[in-house]
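Should a chain be cited, it is by its letter among A, B, C and D, assigned in written order, with residues numbered from 1 in that chain.
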Amino acid sequence: MTGPRGHDHEHERRDEHGHSHPPTDDPAHPHNAPLSDVQLRVRALESLLTEKGLVDPAALDELIDTYETKVGPRNGARVVAKAWVDPEFKRRLLDDATATLADLGYIGRQGEDMVVIENTSRVHNLVVCTLCSCYPWPVLGLPPVWYKSAPYRARAVLDPRGVLREVGVDLPDDVEVRVWDSTAELRYLVLPERPPGTEGLTEEQLAELVTRDAMIGVARVKAPGPTR
Amino acid sequence: MTGPRGHDHEHERRDEHGHSHPPTDDPAHPHNAPLSDVQLRVRALESLLTEKGLVDPAALDELIDTYETKVGPRNGARVVAKAWVDPEFKRRLLDDATATLADLGYIGRQGEDMVVIENTSRVHNLVVCTLCSCYPWPVLGLPPVWYKSAPYRARAVLDPRGVLREVGVDLPDDVEVRVWDSTAELRYLVLPERPPGTEGLTEEQLAELVTRDAMIGVARVKAPGPTR
Amino acid sequence: MNGVHDLGGMHGFGPVVIEPDEPVFHAEWERRTFALTLAMGGWRRWNLDMSRHAREQMPPAEYLATGYYEHWLWGLEWLLERHGFLARADLDRRARGGAAPERDSASPLAGALRPEGVPRLLRNRRAARLDDPVPPKFKAGDAVVARNVNPAGHTRIPRYVRGRRGSIDRDHGVFIFPDTHAAGLGRKPQHVYSVRFAARELWGPDGHARDAVYVDLWDDYLDPA
Amino acid sequence: MNGVHDLGGMHGFGPVVIEPDEPVFHAEWERRTFALTLAMGGWRRWNLDMSRHAREQMPPAEYLATGYYEHWLWGLEWLLERHGFLARADLDRRARGGAAPERDSASPLAGALRPEGVPRLLRNRRAARLDDPVPPKFKAGDAVVARNVNPAGHTRIPRYVRGRRGSIDRDHGVFIFPDTHAAGLGRKPQHVYSVRFAARELWGPDGHARDAVYVDLWDDYLDPA
């Protein structure tokens, strides 16, 4: 990558499902390869809209910077850690997620109406958007490729246990799986289980353990230590 | 085209739905264009299987010739004309299509078990195969591209009247539309309505009026004359 | 499997366009693909249901971007590889090399389809119908509901009828059951019926009040309503 | 519309592969597409439901062959053309010419999103929720059946729940109705509920006896069971 304005020396490769991958040093695709069709098209689009005065490139930079450096899953991780150490906060979070998150400033676009769902030893929750790729931006940032891709959107509702097994979460038969399909404007955040052996950790230390995938429901939070 | 062995000077163009079209004189695609990937692949496949002794190219030629010159919708048209002039034949055809067609020699692969359904002034029948492209080969030959393509397979069951309107058949509201989805090994032939004004025609003359599309249910048979 | 091949009821594919005076084939590779598929089928290493299942394995975007004979080609390659006739890697190599067919480089093996065998192959009078004396579960007029099943393997019950109510129009007799046959798990003989579904039952208010769809369904796909 | 975007329950797309340490964007054109979509949305010529509807118009094979930001780009182009901002032909021409962006060639119009307006745009606290005093049709615990509707236009009721029975888990309050809103036919305020469907109800014997899918559905998608 050559920074936010570095259009010129990019290339991407695509996997068999057509998803973009980051540039590599693959010698078959040198970094000075010609611009791809989509690169040319987006540059053309931006230049035309800019010339018409419809967009300000500086505003685009600001939008990008916000989601690359300011809003992301660390927000959600802080919420989860707080809920683990503060039972009253957790109660409010589960009861009225929107207001409780707004108090922390985690409110806004694609997170205007929030629901937090709690994983326990009896219930495992999983979030998907089968129709597009709805995702709680203020607490998790922008969604990862796998969340937006056909395999997950297709299978999360039909075969959630198979999907979870594939990504390393084996659920016993007596745990209930609840899949939340985000078909409306509600956005879902999973409150994962606090791992055992973390009693001595501070809220900040706990937040470091919490991953994006655990807050979507496709991973468990692991305790720190040699097994990690 | 350069005959059944003329691989070398072909090319195809594709429409927006990815369907092949016959060679044209489009100057952008000269006839001596290099072989496309699929042409190369099929040639390679045939050469490898031939070298292994698994196929005999002469048998392939014979298979192709059968469906290009011997088996096609003229078979079905003869059946329809016969049913129009011979009430006893028509009764047997509707009652036991398989045996009745077998008597005429119109039996075999992809037509082992036949059903004939009659269009009337009250009921219009339409045949589709939503899951693949099942079609009654012995009476109609191989299916046309539109029958095998996504638009027809998708819409024939959901919006048959819209499809019919698109191809020029406007049905009054009080006609019942019956769509036959060929999901099993039954193959369906529509017996179209005999057009008015054909009382004086011979069976052979009637057969000439009957089109492939009328026997699928996406066209009416038209009487000969100035309006045709 | 709930694949993109199960197209019934989808929107977004555009208009139906009938090509005037359409030829039987549009290209030589279509001719050869058609004939190769029939000729290799003559070895009887796979059945018709396995052929359909093979084509359904094509990656979804590719399936929708290509036509009928590309589906056939893809399915044939898949079957040839799985049954040990030909590795796709060998085919890739040959296709890249662009070598011309060497048709006379080998004599056909005993068992290969020969020109004189073609009429018999095509005059086939038995495909999936069976003589097994299996009693029907339903008779004409019976009210039924199509089962809501979502198997990962091959099936011939389209998604758009699952869970919908219909009535038996006619009993076609006893046939091979495709779900087991495609998986090499036997013929499981059972009756096939034309089942009439009202368009309103299938599509709700978007269906026409007078219209109906007739779908051929096996006993194992049906319950009494 | 019953489009290929309605992916819930499909087979054939392969495994879920999670990329380790995935960056927020994988290419500069993804960054710009994301930001252009948000910035042009700021003109408020279309709403969120129209944006989704636009992406659903992408040809099905293309939709499945491409990724998220290609869907966004396609939808943005479609909206820009329909709302008179930019003809696709002009964009084609500029893209072929390969001209570099001339960023300073025009001052942004009044109304264009400026950097200082970005925080306010993103701090949005109102999307689809409404204050209209519409009474709910259902309450938590009620048994419901999802309507079997198959509209050609935009809808947010996935195919896999249509005609299936569930129960109201919770009432989320009053929201804009996407089917009318996407078509420019008004907000039609109504309640949205999380509806719990047992996996066995949705998928038959292929579902797990203990599991459930919760789907957010509007009053207009539901009937009492």
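What we mean here is this: a contact is a pair of C-beta atoms (placed from the backbone, for glycine too) under 8 Å apart; a residue touches a chain by one contact, two chains touch by 3 or more.
Bear in mind the structure is a predicted one, so any value in this text is a computation, not a measurement.
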On the document's contact criterion, could you list the chains that touch chain A and likewise touch chain C? D
For chain C, which other chain has the most distant CA centre? A
Distance between chain B and chain D based on Cα centroids, please, to the nearest Å. 40
Centre distance in Å when chain A and chain D are each reduced to the mean of their C-alpha atoms: 17
Chain C to chain D, mean C-alpha position gap in Å, rounds to 34
Where chain A touches two or more other chains simultaneously, the residues are 16, 18, 150, 158
Touching at least two other chains at once: which residues of chain D meet that condition? 2, 9-14, 59-61, 64-65, 150, 202-203, 206-207
Report the residues of chain C in contact with chain B in the complex, numbered from low to high. 5-19, 22-36, 38-40, 43, 52, 55, 64-70, 73, 76-77, 80, 85-86, 90-91, 94-103, 105-109, 112-115, 117-119, 121-129, 156-158, 160, 172, 175-176, 178, 192, 194, 199, 202-203, 206-208, 210-218
Given the complex with chain D, which residues does chain A contribute to the contact? 1, 4-7, 10, 12, 16-23, 35-64, 66-68, 71-72, 102, 107-110, 112-113, 115, 128, 130-133, 141-146, 148-158, 160-161, 163, 166-167, 173-186, 213, 218
Name, in rising order, each residue of chain C that touches chain D in their complex. 1-4, 9-14, 56-57, 59-62, 64-65, 147-152, 159, 162-164, 202-207
